[in-house]
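As written, the chain order gives the labels A, B, C and D, with residue 1 at the start of each chain.
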Amino acid sequence: MDYENSMRLEIPSKSENEAFARAVVGAFASQLDPTVEEISDVRTAVSEAVTNSIIHGYENTHGMILIEASIKNNLLKVEVTDKGKGIEDITAARQPLFTTKPELERSGMGFTVMETLMDSVDVFSEPGKGTRVVMTKKFNSIA
Amino acid sequence: MDYENSMRLEIPSKSENEAFARAVVGAFASQLDPTVEEISDVRTAVSEAVTNSIIHGYENTHGMILIEASIKNNLLKVEVTDKGKGIEDITAARQPLFTTKPELERSGMGFTVMETLMDSVDVFSEPGKGTRVVMTKKFNSIA
Amino acid sequence: MQLNLKTINKTLIVSAFGEIDHHTSEEVRDKIDRYIDASSARNIIFDFTGVSFMDSAGIGVIIGRYKKISPLGGKFAVTGANAQVKRIIEISGILKIARYYDNVDIALSNM
Amino acid sequence: MQLNLKTINKTLIVSAFGEIDHHTSEEVRDKIDRYIDASSARNIIFDFTGVSFMDSAGIGVIIGRYKKISPLGGKFAVTGANAQVKRIIEISGILKIARYYDNVDIALSNM
């Protein structure tokens, strides 16, 4: 039987919304009857992507972040989109330890964390236009 | 000091999203450092409004529900909007025990619950166009 | 939605677990009605000890079951509600048709 | 973000409570740095027993403190992480610069 659901959340780029964003996607994913670990992985990956939009995309100025999630059977897709400054070199940005904000003590591990915890991570970005991170994860709890 | 935040959530009119919608607004309201009772009140009111959009607005057909919430200092505003069938007589609809779906064992207490638990409830509706319920609640936990 | 149903002295004790809303209420209703039809229960105790959340959909379920058993002269009680559920029960006026008891044992001794 | 800081035998024990992300990390960082500057601590134990969630912002905090104390020859340990926090610690490669111990007592006896 095919099961489908979706959500679309818009929030302002405030750092207190990092916790809110991961809570929302975690609650959405809970329909998949996930294990604690699966939910943790999704919450962590969302936290990384949303934080990046706040710090790097909007550089702590005001902007909106769009978080879309959809479920198709046991596959979760999460997209985090900002209209911020964008990424010059996506391949470089995805390298472990690469960061353009060392002064903020960023570890450069955000993309690495997303890639490790999710099954796929795609990054679409254009300097001056914004960034979209598309992540998927297959949940094993329901077949 | 002025504190502001907002969120905008769109979900399809599926009954399993009733629990998700109240969880999201509950998580959003938790910034207000609420009491357990304040959070319960908001969760319950959101559950009523979203359920009404699903059952009465879209009559269990497919449609989108928009849930907007904003915080200004200690005031929470929640708006639930559907593009469903609308309400002919809003005054009648708000009466306790009034329901157009007795066959679904609706108690007709939805609006009464919202009015009791929130500080204000405004209903805007046009037959054939849709319904918007606007609710506010002042949280006492932060001054 | 987990539901435990058992009969003691012609009183059906319904113990629900989880959240009762429109989404879960249909299953609750169907299970109770099938049980009532197959049993000799006359009275009903709704035990909410395991219910973390209920909205007016739950009220509809309670009133519906009341309508089903009251013609046969059955008694009706609710027990074990947390603060949120109690609030809904109070707002709904259900306490005009059902008595509230702290727990199932006290309710049973009043049936 | 609640933080408990204490020094035992020149080892600073940082016990954090709650969720460590970009939003909360600044406060964590500032509190630790002020404490280090005012104390005679040489080593640091990060105790995560009270931390329910951490993302890579927490890694930044740990590495930053490591850079602060390592020139003085200090030792570095992390303890008490739940499964989610442990995952982040593993992914980050932090275990190349810090040892992991199950609890603070064991960590202390290895400082």
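Couple of notes before you dig in:
To be clear about the criterion, a residue touches a chain if its C-beta (ideal position, glycine included) is under 8 Å from a C-beta of that chain, and two chains touch if they have at least 3 such contacts.
Everything numeric here is computed off the predicted structure, so don't read it as measured data.
Chain centres computed from CA atoms place D at the largest separation from chain B.
Averaging Cα coordinates per chain places chain A and chain B 28 Å apart. With centres defined as mean CA coordinates, chain C is found 43 Å away from chain A.
Averaged Cα coordinates give chain A a centre that lies 26 Å from the centre of chain D. Contact with two or more other chains is made by residues 16 of chain B. By the contact rule set out at the top, the touching chain pairs are A-B, A-D, B-C. Partner chain B is touched in their complex by these residues of chain C: 19, 21-23, 25, 29, 53, 55-57, 59-61, 63-64, 83-84, 87-88, 91-93. Of all the residues in chain B, the ones that touch chain C in their complex are 15-16, 18-19, 22, 36-37, 40-41, 43-44, 47-48, 51, 54-55, 96, 104-107, 109-110, 112-113, 116-117.
The touching residues of chain B, when paired with chain A in their complex, are 5-12, 14, 16-17, 20, 23-24, 27-28, 31.
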